[in-house]
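One chain, subunit A, appears in both complexes that follow, with subunit B as partner in the first and subunit C in the second.
After this line comes the complex of A and B, so read on.
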């Protein structure tokens, strides 16, 4: 008797709880699930942006166009006179067939994405949308290096401003300035510093100290583009990293260090045995924040490199705005979503973040 | 209950009064989305003030839009996709009327019949959709020009180059001499080499002047894959890091102008707007430069890409009639003359090329009249509505050659296949100028 009445009460309460959850759930549906569902749906169509042309359902076509890749071996070019592999006279390197003769054209055109050598044979990776494959690669490289350096420098900065010294408050405020500058503005500032003539700061300094010969064009030289962009992001986001790590540092009780000192542990020992283990949860949170943020990087790429080199998000932007292919752009959006989701899960598992 | 009643009454009052206020004064606010390259914004604001003086009930605001045409298109598309009434008049590139026509009103419904005959016929045709709607009023026209330093050519006793080879030779010679004389930052030739629409314009000029056709011919044949085109792209790639700075592959119009105006370049390819700016008194270039047609290639004649901007009125505007009136005023004789005299913007009204004030301010309008009337159009009509994709494929291919990522032959072969894929056209022989 008593048990059934209490379970009735529990049921009542559960019903009430469900009713109370409805507003939150509705808001979630309207602001998150509906747009997401819309993007999923559009990614299966050939919808055109800002146009009245008829939209058709095309199934997985967009995904196939983005993700199809193929690997082909490049056959060596045989010199007709000697019967051996031809050698380039200028560079002295052996010559292989050009990818355009090897990659398939029907029913879809595959273009070279990149080439690599393996046991003396040369291979080419062809893709139907090589720009997208490259954009994914650019974004991953950018994310890895920028997050790595930001964490490293952030940790150093946090340890410095966590120690006792005169003017610590002011230092903490000043430290945050790069983070406070709007990304588009700071990207523009760096663009000026990267100017390819001596009007740019770096070329001017390099020239003044005789470090470089002539001038570097940081933003149009393919091998300098990513390092330049990573430098901008590290400059801008290190303060954010430092802030998160500083919060973690301040939660470590001082008694632990006192005890360690009494036991005669050195500063380095203290760092590795006390600071680092206790900092792990804050570090994990900071890393997740930054990684997910870096994976969807848009503004630095858009301002500084525009259509010279894409990140995933800026490639998406140009598919939508310039090519006006909303279906394709939505498919890219979905792929970015899946990649970021995968990273989030990977982090949670590997860093043991408490999901409760 | 009573509280609610008070609220309702208050609300009724607010609505009623705001309605009356609107009805009495007919205050109309219009927004013009315009460019801000060089003096553009300043002059558009001045024209807006001229209009507001005559029409005190209208407030005209000028919305500054991005310098790069692609970015500007992106902004416009977002307004248009949302059917936003926020912008009434759009400044649109000469390559857009075909693509965006469905979002704009027909000027013939607002009395454009009387004024169109005064404008360049080619541009009016360009702005008319296939079903005969005039979706854009011509505002100013543009053509690529060669700017050169008269003082330096005189100092080293050289002629204005008539072919690309001569340009290369003269540029290299004077560049080396000037550097030896102490100006280490001096370069021979600056142009638009960034991966954007501007490169499409520059490269089309090289190729067409060299007899390599205009990418896609008027008969919808893809003509880009030919020796002449490959040869001239290779030649241009040779300029990078030689007579042009390596950074030219990241330069737009304004970057080139900054370098030329600082006195650090002998030649510059740019649009006419740079003339008035480079003539401003405090600049080293003032009085020391002139313009000529761009050099010719193997075809023997020079080519200038047709540029220019037009004014369109959004179908989603709340006051389409007032907006159309404003657009026609801005594209009218009075404003075009003011813009020609103060900003060296090329009028689209023929009679202004004989106007004394205009010719005094910008003498080359008279001498280079032919360049403006015979400018070569980008293949925007034959490839509509895919022109943007065609152009992007083209400038990316050329850019990859300029930066050395790819050789000209592979890049152009791939470009041909890509264009066939995108447009579905067949290949053909290039048209000659």
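After this line comes the complex of A and C, so read on.
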């Protein structure tokens, strides 16, 4: 008898669970299923945005065009007089063949995406859509550094705000200000601070303290673009992390700390033995959403760098709106989806998020 | 070092870190405020000044015409109303459906839990640009107004977020609370909305605030869906449509003024709700 009543209870629970999930899944079906299905379908066609051309089914062509890469060694240029490798007179570096000359042209043109050296040899990575390969790389670098710093700063801010001091309430509001500033506007705001003349904050400060000559172009200089964008994102999104971590901190029962104090555990030991392990579930969820968001980054790249440097999503936007290649844009979307999905799985496995 | 000195040192260090954090978080916003109070000529001064100053005399001079221009702009006020309607509705919908789903996913036993969680998460794995055209087709087919379409489409990113965060919080609540309620004869649903929901208040407020701001800031969907109905434009779109009433084509001072004005209500909102993120709500709920 006991078993049948407990299995009845389990059935009840299962029924209730399904009922509770209905609203969420209903919304999901309406706003996600069709659009996503359409993206998958369109990615196999050559459909163009706002055009009268007939759409054809092209199979995997879009994917091939986006993902085809090739690595070629760049042969050294031999100086005809000395028979040795030519050396550039100005920089004193050895000269290699130009990438254009070694990359395949038929049946598809490969253009150089980036070059790297390995054991004294120089290689070039060519791609049919080099901008996309670079966009993927930019996004990965952006995601890694921004999420790392956001988590670190977010943890520090949350721990500080969580301790007792006067003005704690006001501090909670202050903490959220960067997140509250509209993203498109905050990008403009930072763009203005990065201004390449002394009308910009950073050049003005750098000039005043004699660090730089006051005309750094942060957003045009290729090596400063990503650090600048990362700085903007870290400032903007640290509050998101901080608030989620703070909520997690407040769910930790005070008794645990009291008990630890009685046992004479130091603050540092309390942090590593109580705070961090108990924070893990909320930290994991925060990390997952931050990472997925960062991988889809669009606004900051679009406003601050537009076509100077792409993220995956801003390249997607360019393909759709400017190049009007809807089929291609959809394929990019699907590839981004696959990359993000892989990340999500990897994350949940390594962080031990239990879904059961 | 005596104990007292140590305590004092710790306090000084704490306030030093606190000050650093405040400066880091607020300075860029201060810069926006300062820029909003500068005229075109003052904005282009080199070197830039920390406080708005007169280009000729160097005296402090505050320029308020940016703010007057923003208030005179009917689009901005309408945008504020639209943004409030859209962001509030989305947040309430997301919290409602999200907490239902999260209770099921966090506390009830049933088959297919992991796939359900993954499917919900998968909604946020596409860039907004990608699903834009598909969503537009759905909206046209259902014949939704611009505001309603924003409310629904914003669930694409607010619903997975609220569901996941709340699930992790529900899961953390001690199972004893549910069991003792069950012993007292409460149905699972009663346990949920009378006992568990109040206990997760900090999480509800937190996720609510974060989703509200995310919806408040959304730009791409808003731009697309309001293209046929300019009266439904939300603040981010309205700001982008500012056209220069003064010298430059892009009225930067006005944009900054609008940014400041839009951020203030959010800060007030947080100040109102922050007390709800109170410490130690679960402490004492389970005794012995």
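As a working rule, the second predicted complex is superposed on the first by the 325 of 356 C-alpha atoms of A that agree within 3 Å, B and C clash if a C-alpha of one lies under 4 Å from a C-alpha of the other, contacts with A are read in each partner's own complex, and residues count from 1 in each chain.
Keep this in mind: a contact is a pair of C-beta atoms (placed from the backbone, for glycine too) under 8 Å apart; a residue touches a chain by one contact, two chains touch by 3 or more.
Just so it is clear, the model here is predicted, and its values are computed rather than measured.
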Exercise. Counting only touches as set out at the top, which of subunit B and subunit C does A:198 meet: first, second, both, neither?
Worked result: both
Problem set entry | Comparing the two partners subunit B and subunit C, which touches a greater set of residues in subunit A | C
Exercise. Which partner does A:346 contact after superposing on A: first (subunit B), second (subunit C), both, neither?
Worked result: neither
Exercise. In the superposed arrangement, does A:183 touch subunit B (first), subunit C (second), both or neither?
Worked result: second
For this session: Examine A:244 and indicate which partner it touches, taking first as subunit B and second as subunit C; both and neither are also allowed.
Result: second
For this session: Quick one: classify A:78 as touching subunit B (first), subunit C (second), both or neither.
Result: neither
Exercise. With the two structures laid over each other on chain A, which partner does A:308 touch: subunit B (first), subunit C (second), both, or neither?
Worked result: first
Exercise. Of the partners subunit B and subunit C, which touch A:317 in the superposed model: first, second, both, neither?
Worked result: both
For this session: Could you look at A:17 and tell me whether it touches subunit B, subunit C, both or neither (first, second, both, neither)?
Result: second
Exercise. What part of subunit A is shared between its subunit B contacts and its subunit C contacts?
Worked result: 49, 197-199, 214, 317
For this session: Flag every residue of subunit A that touches subunit B in the complex, lowest number first.
Result: 49-52, 98-100, 105, 109, 111, 195-199, 214-217, 219-222, 306-308, 317-318, 321-324
Exercise. Which of the residues in subunit B come into contact with subunit A in the complex?
Worked result: 68, 70, 73-74, 77-78, 80-81, 100, 102-103, 184-185, 194-196, 245-247, 249-250, 259, 264, 385, 388-389, 392, 395-396, 399, 403, 405, 410, 413-414, 417-418, 421
For this session: Within their complex, state which residues of subunit C touch subunit A.
Result: 14, 17-18, 21-22, 24-26, 28-29, 31-32, 35, 43-48, 93, 96-98, 100-101, 103-105, 108-111, 113-114, 116-135, 137-138, 142, 152-153, 155-156, 159, 161, 163-165, 168-169, 171-172, 188-189, 202-203, 206, 209-210, 213, 216-217, 219-220, 235-236, 239-240, 252, 255-256, 258-259, 262-263, 266-267, 270-271, 274-275, 277-283
Problem set entry | Residues on subunit A engaged by subunit C in the complex (per definition of touch) | 10, 12-14, 16-18, 20-21, 23-25, 27-28, 30-32, 34-39, 42, 49, 156-157, 160, 162-163, 165, 169-186, 188-190, 192-193, 197-201, 204, 207-208, 214, 235, 238-240, 243-244, 246-247, 250-251, 253-255, 281-282, 284-286, 288-289, 292-293, 296, 298-299, 312-313, 316-317, 320, 326, 329-330, 332-334, 336-337, 340-341, 344, 355-356
